[in-house]
C-alpha cells in the first residue's frame, strides 16, 4: 500500500503531462464552479485496482472533492456495476477524468488478468497438494512498478522481487560467465548478509542438481516442458524438500492449469503486467441540477 | 522525435526504480568488466519502436557501449530477425537488459498493433476515395505519453491531441452543461486566438448539424452505428466539405475496415496505446571469448 | 488558469531561491508569531494579474493566512487603489513579501502593457470591420511562459502557440531549406493529423501567394511595411477569405493603431512579455495592535 | 560565474517548456541533419551577457555544436556587430533558437541598462570623491536571480544580497515591530556570528543617528529627497566615517547622476533587473552549402 | 528556522529512501488503523534538536497525527526524560519511527556536542573579558547543512558561512596563487559590493600583519599553537581593535578552554557537525487500549 | 557499487548546497584557469571509502580533471599515505574540495569504524567455530543510506536490509499488537511470495522458542545479556540448526569480541553508520609551476 505522498508525486506528474498548458475547453466554457457527480461504471466484469490513484487525481485538482467507494479494491465489479461516486466541482471532474481513468483502467486490467490466472491455477492444483502462487516479474511499465505490483496483489497474485537489490537471482548468463552454478552462488554469498535469499535459474535436470547442491534458497525452472518440470519437481522435493520451486517462461491462460498440476510453488508470468489490456470503465457525469446522466468519454 | 535530454531523464527514472539499491547478483559475480555482445532478437514479427530508449539505457550505464541498428525504427522485423547489436561491458548489459526491454517491447507493441489497424483501414478504404488516418487518444500510460505517441507514428498512425491545451475538444458533457453546441463553441472561441482548432463531439445527426452550423473545425462522430456514420458523413461532406471527420468509440481489428469504408478522415482508437500487448523480444548475450550464445530472460 | 499544484511548484522554487538559508533578519527579531495585515497598494494605474501566485506564496509559508481580493484579476486598479489584503503571522508576510511582489509586479506589468496595445489597436480598427487580436509570442521568460501567457489574457490579449508542438509554424528558414513553401507545407502535413493548424510566415506578396496555394491555415506577414501589409491583406481576403492573417515584427505603441487599420486578424508582439516593465505595487504592513501603517520595501 | 551543471539544469527546464511535445515543424521538414551556421547579430548597441546560457542551449540539443565568441561577455556590441557564431546541425539551431535568444536578450538587456546607470553615476560622481556602485536588489525574476545578478556584474554594477540569509537587512517594518532600531539590531546580533553584516534602513536623520549608534555595518537611506540624502551623508561621514552608505528608492536614468553627486557608496535600483527591456538580437542562419543568409525570427 | 515546505521536501526524500517499495511488515500485520501513542525517551542526557523534522515525518505519513512537545528544542533533556508524545495511527508510527529518529538522534547529537564545547569555552573565557562563540564550518553532511547549522544554534553555538557565496574567505592556497594577501583581498574587493565581509586565513604573525594591512574584516588564525595565538591576538587587538579574530584547527574538548583563554572572538570546530555521535533516544509505543508500554527499536 | 548516474545526482545536490550562489572568493581571484594538483593525504590510519564520490565532485565541476588512485577503496591507508592525486583546473579543486572531502571523510570514517569491529569480532570468534558478520542497520543519514552501506562493505561488514520492503522484520511492537509471534508471522507470510525472508526479534528464551516454532527464517536476539545470548544460541542451534542468529543492541568496541564468542551469525551495530567520526584527510594543492605544496583547509 503506497503512502499518499508517493501517490501524490506520481499523480502530479501524470496530471502535469496533460494539463501543464491548461485545459482550453473546460476553462473557456466554465468560468465558475459547477457542482457535479461522476459515477464510475464497470463496462465489463473486472477486479478493481487503482482507486487510491483515481481519488488522488481529483483531490489534487480540488481538495473539497468527495469520494465514495462502492466496490472495494480487490473485489469484483460485475458489468454495469457502479464502482464509486465522486462529487465536487465539475471542472475538476472534467479535467481529471482522463488521467484518473488511465490509472484505474490499467491497474484494474492487471488485477483482472492476474485473477484469471489465479483461478485457473487453483483449478489445476486441485489434483495436487500444492497451490502455486501466481507471481509477477520485473517486466513492468517504467515508472509504475510499485503500482502494478500492488494491482497484482489485489488480483490475488503475489510479488516476486521489486528490483535488482532485494533478491539474488542467478540466471543462465551469470552461470555461464561465472563458470558454473557453484561459483556463482559462492560469489554472491560472500558479499551478502543473511537477510537476502539466493534464487538460481535452471534449464534442465543437471543444472537443477547443481543448484540444490550449491544451497540455493529457491530454484526457478525456466522454459521447461511439462515432463521436464515434473521430473525436476520430483528431484527437488526428494533432495531439498524445503526449497521453493518457481516455474517461468511461456505460461498463458491456456496452459497455466496444467503447469499448476506439477506441484510447483510459484508460477511467474510477465504478461500480467506487460500485456494486460485496459478494462473498460467510464465516468458518467451528472449535472446535479437537472439530474441528467451523460457518459463522458475523453480523448 | 524526443530530444536526448528528455529521453535520458525518463531512462534514469526507470533505471533508478530497478537499481537504486544496487544489482546484488551482477555486482557480486563480476567484480571486473567483462566484454560481451547482446543481440536483440524478434521472437515474433513486429514493427520496431523504442530503439532510442533501448540505447539510452545502456549509454547511461556505460558511456562506452556501442550500438548497431539492423532494423530501423518503423520497419518490420520478421520473427527471428536480429534488430540490433549492443557491445560493451557485460555488467551494463546485465543490469540494463530488463529496463531496456521493458521500453522496447512496450513501444514496439504499440507500433505493431497500430500498424495492424493501418493495414486493415487501408484495405477497407480501397472502395472509397478517402484513406482514413488511424489516430491515438489521450488514453496513454501516465508518464509515457510522448513516447507512446511516437510509437503510434512509427506504426503508421498519426497523433491526435497531446494534452488538454493543444486542441479544443467539446464533448457531450461540455455541450450539456453549456446548454448547446453553439454556446460551447462560442465560449471557447472568445478566449482562443486563431492557432488552435475546435473539435466538436456529436452522437447523432441533429448534433452534427449544430456542429456544422457552429463552425466547428473538426467533427467527431462518437459511438455511432455504421449507418449513422454513413448518414453523418454524407451530411457533412455536403454542407461542410472541408471539415475533417473523426470516428471514435468501439473500433477494433474486426470492424475497422468496415468503418474505413464510410469515408471518414480519422479513426481514433484508445486500444492502440492502452491495450497493446508487449511484443516478444529477447536479448541474447554472447560472451565474446567463447562465442557461446545465451538467451537472457530477466524477471 | 493554471492549477494550484502547478502554481505551488513554481512558488516553492521561487521561495527556495530566497529563503533556503533562512531569513536571518525576521527569524532573529521575531521568535514568536505577530498578527499583522498587509495591504496591496497600486502605486500607478495598472491591470491586475498574478494574484493566485501572490496568495500561493503566503499560503505556502503559513496555511492559516487569509486573503481578500478587492480588485479582481483582469481589472484595472487605479493609482492608490487597494488591490487586496492579506492577514496572518507577520513573519510570513515579511518573508514572502518580496517573492510575492516579484510575481505580482511582473505579471501585472505584462497585463498592463498588453492592455495598452489592445486599446490602441481597437482605436485603429474602428475604421475597419476587423478587430485584430493582440497576441503574444514564445519570447517569454524561461520557466514562466504559462504564467506570462495567462497575464496576456488578463490584459485583453490572446495567446499564440505555447510551445513547438501545438502549431506548425513554417518560417523563412524552414522554407529556404525545404526549397519552397509548397514542399515545406507538404512535408509537415504528411506527419500531422488534422488537429493542428499550419501557419506560414511570408515576407512579400509572392510568398503570400504561394502560402495561399499551399493551403496554409494561417498566414503571417513578417516585417512588412504598411503598404505591403495592405496589399497582402487585399490579396488574401480575395483568394482565401477564411484564412486568418497575422502581422508580426516591429510593432510598438506608436504604430499599432496604424497596423490595426490594415484589417488583419492578429498582431503578435514580443515586447508584451519580454519587455514589459514591472508595475509599482507595494505591500503596506499594519501591526494590528497599534494600527500603524508602514510601507514595506524589500531589497 | 555559475557552474555548468547549474546552467544545464536551468536550460533543460527552459527547453522542456518549449519542446517537451516535440518541434512539429522542424522534425517534419528535416528528417536528417543539415549543416548550418548561425550568426548572432546585435540589432542595437548593447552590453553582452548570457552567452554561457546561449551556448548551453545548443550543447544540450547537440553535443557536437561549435560556438565561437566574437564579443565577450561584459563588452559592448555595436549595432550590427556579430557577437558570435554557432555551427552544427541546423535542426538543433532551429529548435533552440528561441530559448537561447530568450536568455540572451533578457540578460543582455539587464547588463545594458545597468551599464547606462553606471556611466551616468560616474559622470555625476566626478564632482565628488566617492564613486558609488550601482547595485541590484532582490527584485528579480523568480528562478533567474543568480543569472540576473551575474548580468548586473557584467554591466558594471555590483551585487547586493542574493537571498534572505547572506545579510541582515533591518527595514522599517522590522524596526517598528521591534520597538526601535537598537532593539532590532541587538536581537539580530545575538544569533549571528561575525561573518554577516547588519544593514539598517532609515528614512530620516533621526533614524540615521540611531542606526549609527546601534553599530550598523551599513546604512541605507530609503526614499529620501536629495537634500535629506546630503544631510544624512554629512552626518554619517562625520560620526561613522567607515560605515558604507546606500541610497535606495525612486532612482532612474534621469536622477541617478544627481544622486551620485551626494557622495554615497551604493545606489540600489530594482529596475535594472525587473524592468530592463530585452535588447534586440537576432540569429541569422546560413545554409552552408548555398551560403545564403536568412534572418530567423521565432514566435 | 527552516520553513515547513523545505523540511517537507527533505523528509519526503528520507521517507522515500525507506518506504518506496512499501513496509512489508506493518502493511501485512495491520490491515486497519490501530490507535497508538509513542513516547520519545532520552536514553542519555542531551540537548534537543530536530523536533520539527521528527514531527514532519509523521505528519507526512498521517496528517491527523498529534504531537506534544515536553522538552523544547535547545533545552536539555535529562536521561530518562520524556521529550514528547506522538499519538495517531500506529501504522504511521511504526513506518516513520526509524526515519524520524534518524533525524532526531543526529541533530540532537550535534546540539549536544556543540553545547559541551560552549560550556567549556565559557569556563576558559572566565579569566578573560572575551567570550568566544563556538562556530561551525562547511564540514557538514551533504544535503543536511541547513539542518545541522540549526542544530549548532540550538546547542548554543553560532553559524559560520553557509556556502561559498555568503562570505569571502581567503585561504592559504588563494594567497599563494594570488601572490600575496594584499593582491587577493584587492581582487575580491573589486567584484564585491559592501554587503559581504572578507575574512583572511593566516598561519603566522607575518601574515596576520599583512591581513590587517589589507583591511580584512575578519582574521582567522589557522592551526597555530597557543603562544602563537596569544601573540597574534595581542597584535591584532593593538593595531585593528575592531577586527574579529577566529581560531581554527585542531580544537577538541580537551583544549577548547585553553584556546578560549586567548581572548579570541570565534572558535570554529568541524567536529561538531562531522563527528558528533548520535545520541540515544527511543520511541516507546503504547497500545492505547491495553496501556502496555513497549520499546520499539528499528533496524 | 552505485551507478555513476546516481552518484552524479547526489553530488550535484551536495555541490548545489555549497555553490548555488557562486564561489565569491575563487571566482574573484582567479578569472582564468590555473593548472594545479591536489594530493589526498591520510592524516590518520584509515580504511578508504567514498573515492567515486570524491572523483565525481571534480568531474562535475571540470570534465577534464584527471584522478589517480593510489590506495584502493576498502584498503588501509596508513597515516601520512597519499591516497590519490587529482590534477586539473585549480579553480575546480578549490571549489569542490570541501564537498569532496565531506563525502570522503564521512564514508571512510564508516569503513574505518566497521573495520575495527570486524577485527575485534574475528578475534573473539577465534574460540568459536562461527565467525559473525558485522552488519549495519537502517540507522543511517537521511539521503545517504546506499552510500553508507557501501562503506560498511568496504570496511569488511555486510549489509542488513536496505529499506522496509526487502525483509520482513517483526519487532516487539508488531508482536504485541498482533497478539503473539505466530500470528504476526502468519499474517506476513500470507501476503508474501517466497523471495523475501522473515526475521523475528525476540527478547528472551520464551520468545525465541515461539520464533523457532513459527518458522522464522532469521532470529534476532535483542538487548540480551551475554548469558541470555548463550542460552538462546544453544537452544536455536539445537532445534533449528539452519536458522541464522543475529544479535543487536548495545554492542560497542569493548564488548563486541565477547559477543562474538557466543557463536552468533550476525552482530548488527547502529553506531557504525550513525556515530562514526569523520576521519582526517586533507587535500594538499600544489601549484604546478612553482611546485610549492600547500595544505588547503576549507571552512
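Order of writing sets the labels: A, B, C, D, E and F. Residues in every chain begin at 1.
Quick note on the criterion: a contact is a pair of C-beta atoms (placed from the backbone, for glycine too) under 8 Å apart; a residue touches a chain by one contact, two chains touch by 3 or more.
In this text the structure is predicted, and so the values were computed from the model without any measurement.
Enquirer: Just to be sure I understand the contacts, which chains border both chain D and chain A?
Expert: B, C, E, F
Enquirer: Could you put a whole-Å number on the gap between the CA centroids of chain A and chain E?
Expert: Measuring from centre to centre gives 45 Å for this pair.
Enquirer: Report, in whole Å, the distance between the mean C-alpha point of chain C and the mean C-alpha point of chain D.
Expert: 22
Enquirer: Per the centroid of Cα atoms for each chain, what is the distance between chain B and chain C, given in Å?
Expert: Here chain B and chain C have centroids separated by 34 Å.
Enquirer: Need the CA-centroid distance for the pair chain A / chain F, whole Å please.
Expert: Their C-alpha centroids are separated by 34 Å.
Enquirer: Where in chain A do residues touch two or more other chains at once?
Expert: Residues 19-22, 27, 95, 160-163, 165-167, 191-192, 196 of chain A touch two or more partner chains.
Enquirer: What topology does the chain contact graph adopt: line, ring, star, complete, or other?
Expert: other
Enquirer: Let me make sure I understand the interfaces: which chain pairs count as touching?
Expert: A-B, A-C, A-E, A-F, B-C, B-D, B-F, C-D, C-E, D-E, D-F, E-F
Enquirer: What residues of chain B sit close enough to touch chain A in their complex?
Expert: Result: residues 10, 13-14, 17-30, 34, 36, 90, 94-95, 98-99, 101-103, 105-106, 109, 137-145, 160-161, 163-174, 176-178, 184, 187-188, 190-192, 196, 201, 220, 222-223, 248-249, 268, 270-271, 274-275, 277-278, 285, 287, 292, 294-299 of chain B touch chain A.
Enquirer: Using the touch rule from the top, collect the residues of chain C that touch chain E in their complex.
Expert: For chain C paired with chain E, touching residues are 12, 15-16, 19-22, 27, 60-61, 95.
Enquirer: Can you check the complex and tell me which residues of chain B touch chain D?
Expert: 1-3, 5-6, 146, 162-163, 166
Enquirer: Along chain B, where are the residues that touch chain C in the complex?
Expert: Interface residues on chain B, with respect to chain C: 133, 135, 153, 158-162, 165-167, 191-197, 199, 218, 244, 246, 265-266.
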